[in-house]
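Scrolling down, you'll hit the structures one after another.
What follows is a pair of complexes built around chain A, which joins chain B in one and chain C in the other.
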Partner chain A sequence: MTVDITSRGGARVAQLSGEVDLERSPAVRRALLDALGAKAPLVVDLSGVSYIDSSGIASLVEAYQTARKQGTAFVLCAVSPAALRVMQLARLDKVFDIRATLDDALAAV
Partner chain B sequence: MRAMSDDDRRPPEAAGDLMTSDREVFANHMALIAEMTREFSASRDSQTVSRHGLARITTFLGAEASSLFLIDEEGHDLVCAACFGPVDVTGLRIPLRKGIVGRAVVLNKTQMVRDARRDPDFGGQDIAAETGFVTKSVLVAPLSLGDERLGAIEIINKASGDGLFDEHDRTLLEVLAGSAALAIDNFRLTQRLVEQERSRHELTLAAEIQRSLLPGEAAPDYPVHGVNVPARLVSGDFFDVVEEAPGDRIWFALGDVAGKGMNAAILMTKAASLFRCLSKTIASPGRLLAAVNAELCETGSHGMFVTMVAGFYDIWSGRVRIANAGHEPPLFLPAGADEFLAVPALAPPLGIADDIVGWDGYPEHDIDLGDGALYVFTDGLTEAYTEAEGRATLGEDGTRRLIRDVRGLPPPQRLAAMLDRVRRPDRPLRDDVTILVVEHGGPR
Partner chain C sequence: MAEPAATRRPPTAAELEGIPLDEREAVIEVENLVTHYGDRKILKDVSLAVRQGEILVIMGGSGSGKSTLLNHLLGLLKPTSGTIRMLGKDITRISEREYTEIRKKLGVAFQGGALFSSMNLLDNIMLPLYEHTDLDRTTMEIMARMKMEVVSLSGFDRLMPAELSGGMIKRAALARAIVMDPRILFCDEPSAGLDPVVAAAIDDLILSLRAATGMSVVVVTHELESAFKIADRICVLDKGAVLTIASVPEVKANPDPRIQNLLNRRTEEEVLDPEEYLRRLTGESQS
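Entry: the complex of A and B
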């Protein structure tokens, strides 16, 4: 599992890859919260994520809550069909701003 | 532990001819090494042993003072854990890379200095100014296990002979430092084990409290039955059943906290308590979930959220009203039918945002149970492994098949049979499994 943070225009992009499970989600949480420290819009690109469990989603939720509190945009993109299904079942698609591609996400922030 | 004899205190140089002196030195050294090793290995209390050990070594080497420095937990500083001599420097903290002691630790090499005051790394000027204690000759042996640095033993001011430490002293201190390093490592390992044991004990207590929060086993003809099997000691799942007194309704709830372990268990306990309390004052499951959500959002829980189904069974009408906050869809199997009716979540889990639903709360569903049964369960059931090896899980279809297979059994046996399908003696559960079944129960 890796988290790469880059800057694209005025936004920051966090690229997650691999399995985001109980063991790895603390690192994801830390990286996303650090990235939000810049107070810039944050796009989380999930295209490389092969598996995400509820603790991984909790890391995304915490980042979402932090972004909301500080008034910065927080957008997910390129969510795999399996992960998207989990999010839709739990109605997390009503919570997160989810875009199909990175470009769509960047255009939205 | 034997008493100190005059021989122990006599400096090796004071002996007669060279051969006899060498032999005596060797014998004395071996005796001290044997004694200290014995003492270190039997130690249960690092402080006492360090202080006593330092006193013994210092006296044996005919020196004035000594101290034991250990690297702190952060790995930044050396802290004096024990000392012997005229000035008490216990607790003194020096940066890891400072001083002659720091040099010995960083280089992992014994330092023998004739006149500390001329050494560029010497850092004892403050102590000298404050206490008048003057450091002259110094011998420092690092405490290490392979590449792992633990600290160092410092011996100060050889008082006998020419006032300088020699190769005999160096070798002796290095051997003793090796044995002390092992003792310190052992002691730390023991402490960690004690700590682990204490945590395990606390976890067991927490698990007991959690279990006590679950409803007891109901009579076979009671309308609501549930089971909860934690994957670990404590559970991030819960279910509860609360009967209105006097009333027409039996309230039930089942929840799953995102994540596992102690923090999930604590949040679970909070959500369960809120349900129990609010079910006595709020008449609508949707508004009850909204109230639990508002409470959970107010305190915040680092992104941890709770998926939860809450509802009540009306014993006169045989109807169930439920609301689903982001939870795995409960399944209703009507009597005589093979197709299920799923109750999907129409709103997200609890604890994420407080403005997710309006004043009327989470959307509700009404189900006329008739002689059918409603199953509410956590994803610990659907995602449970069904084989001893491999990644095959029960899945949604498997769950439906399983319910159809066991539908003829009375509720307690039915739940046990469902658990049996996913609980394997040769493979631990992947996640907590919780199942609730609601049906008419008993004669009408």
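Entry: the complex of A and C
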């Protein structure tokens, strides 16, 4: 699992790839919270994620809440159907701003 | 060599769609399981398999051995003979440490809830995360609250178990059982003692969980309506032996009088041996 943080225009983009599970989600959490330290809009690109469990989704929730508190945009993109089903179960699809592609997400922030 | 099932990431529900049950990998394989309580044979050569994403319901009357079978599947009892392969490992022959690794991938909703009375609902649901992970407290709380939302217990973090209704206890037990995204969920009488509406809601919840996550589910129940609603297959136990493992329509159509008695809630007429009965009445059969 890797997290690459890059800048695109005025936004930060966190590209996650691989499996985000109980062992790996702490690294994702730290990377997202660090990225939010720049106080810039954050797009989390999940296109490279093959599996994400509840701990990974919880890390996204915490990062989103942190972004909201500091008034920066936080958008998810390229969420896999499997991840979306888990989010829907906890009704998180109604909480997150989810876009189909990275370009859509960047246009939204 | 293929990676063992216990360490490989689980298939998602979407990945399982379209694959017939019989073609999916078995997450549980029980072969020729025999167990005794003292001299009494409780399980007689039980064999069964549970596939990825399958809901298997184990049914049987009182004393049929279904609770004993569940306890074996959970590694709480050692059999006299036979094997139980759980996620590819024979749990009757592995070390405590190896079993702990398997156990992390199992969720269990116990019949009575098994909630700790001194802990509030949130802490009860977070308990497996405390025990088995080093996650940050905030992550654990969010995970637990996500599961509370799933089971419609959102906002009840601080309630103590004594303040919960029967239905809430069952749902809390489910939330705790799924908090670590188990590969296999075990439910012991998940809707017993609940009114029909609440019981139906628990059934729907189990179906939703399986649909969203692709987890396999083993349900022990004597609630016929619930079994017919949620089961992919039903395993009928009678006097410690498997009578059939089949789909709901196949079980309903099975002419075996023992199965029909169970389905029609008829008691089986015991063949009376007058001498044995007399010995029982006078206590001589105990000695």
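Quick note on the criterion: the second predicted complex is superposed on the first by the 109 of 109 C-alpha atoms of A that agree within 3 Å, B and C clash if a C-alpha of one lies under 4 Å from a C-alpha of the other, contacts with A are read in each partner's own complex, and residues count from 1 in each chain.
In this text, a residue touches a chain if its C-beta (ideal position, glycine included) is under 8 Å from a C-beta of that chain, and two chains touch if they have at least 3 such contacts.
Remember, predicted model here, so these are calculated numbers, not experimental data.
S.K.: Taking chain A as the common reference, can chain B and chain C both be placed on it without clashing, or not? Answer clash or fit.
M.R.: Aligned on chain A, chain C clashes with chain B.
S.K.: Is A:Y51 contacted by the first partner chain B, the second partner chain C, both or neither?
M.R.: Only chain C is touched by A:Y51; chain B is not.
S.K.: Just chain B (first), just chain C (second), both, or neither: which does A:D21 touch?
M.R.: Second partner only, chain C.
S.K.: Based on the superposed arrangement, let me know which partner A:R29 touches: chain B (first), chain C (second), both, or neither?
M.R.: both
S.K.: Given the touch rule stated above, what does A:R85 touch, chain B (first), chain C (second), both, or neither?
M.R.: In the superposition, A:R85 contacts chain C only.
S.K.: In the three-chain superposition, say which chain, chain B or chain C, touches more residues of chain A.
M.R.: C
S.K.: May I ask you to decide whether A:A63 touches chain B, chain C, both, or neither, giving the answer as first, second, both or neither?
M.R.: Touch status of A:A63: first partner only.
S.K.: Would you sort A:K39 into first (chain B), second (chain C), both or neither based on which partner it touches?
M.R.: After superposing on A, A:K39 lies clear of both chain B and chain C.
S.K.: Using the superposition on chain A as set up above, list the residues of chain A that contact both chain B and chain C.
M.R.: 22, 29, 54-55, 57-59, 61-62, 89-92
S.K.: Quick check: in the complex, which residue numbers of chain A touch chain B?
M.R.: 22, 29, 54-55, 57-65, 68, 89-92, 94-95
S.K.: For the complex, which residues does chain B have touching chain A?
M.R.: That would be residues 256, 258-260, 300, 302-305, 307, 326-329, 344-349, 352-353, 356 of chain B.
S.K.: Of all residues in chain C, which touch chain A in the complex?
M.R.: Per the touch definition, chain C meets chain A at residues 9-10, 12-15, 133-136, 138-140, 142-143, 146-147, 149-150, 179-181, 208-209, 211-213.
S.K.: Quick one: in the complex, what on chain A touches chain C?
M.R.: So the residues of chain A touching chain C come out as 19, 21-22, 25-26, 29, 50-51, 53-55, 57-59, 61-62, 81-82, 85-86, 88-92.
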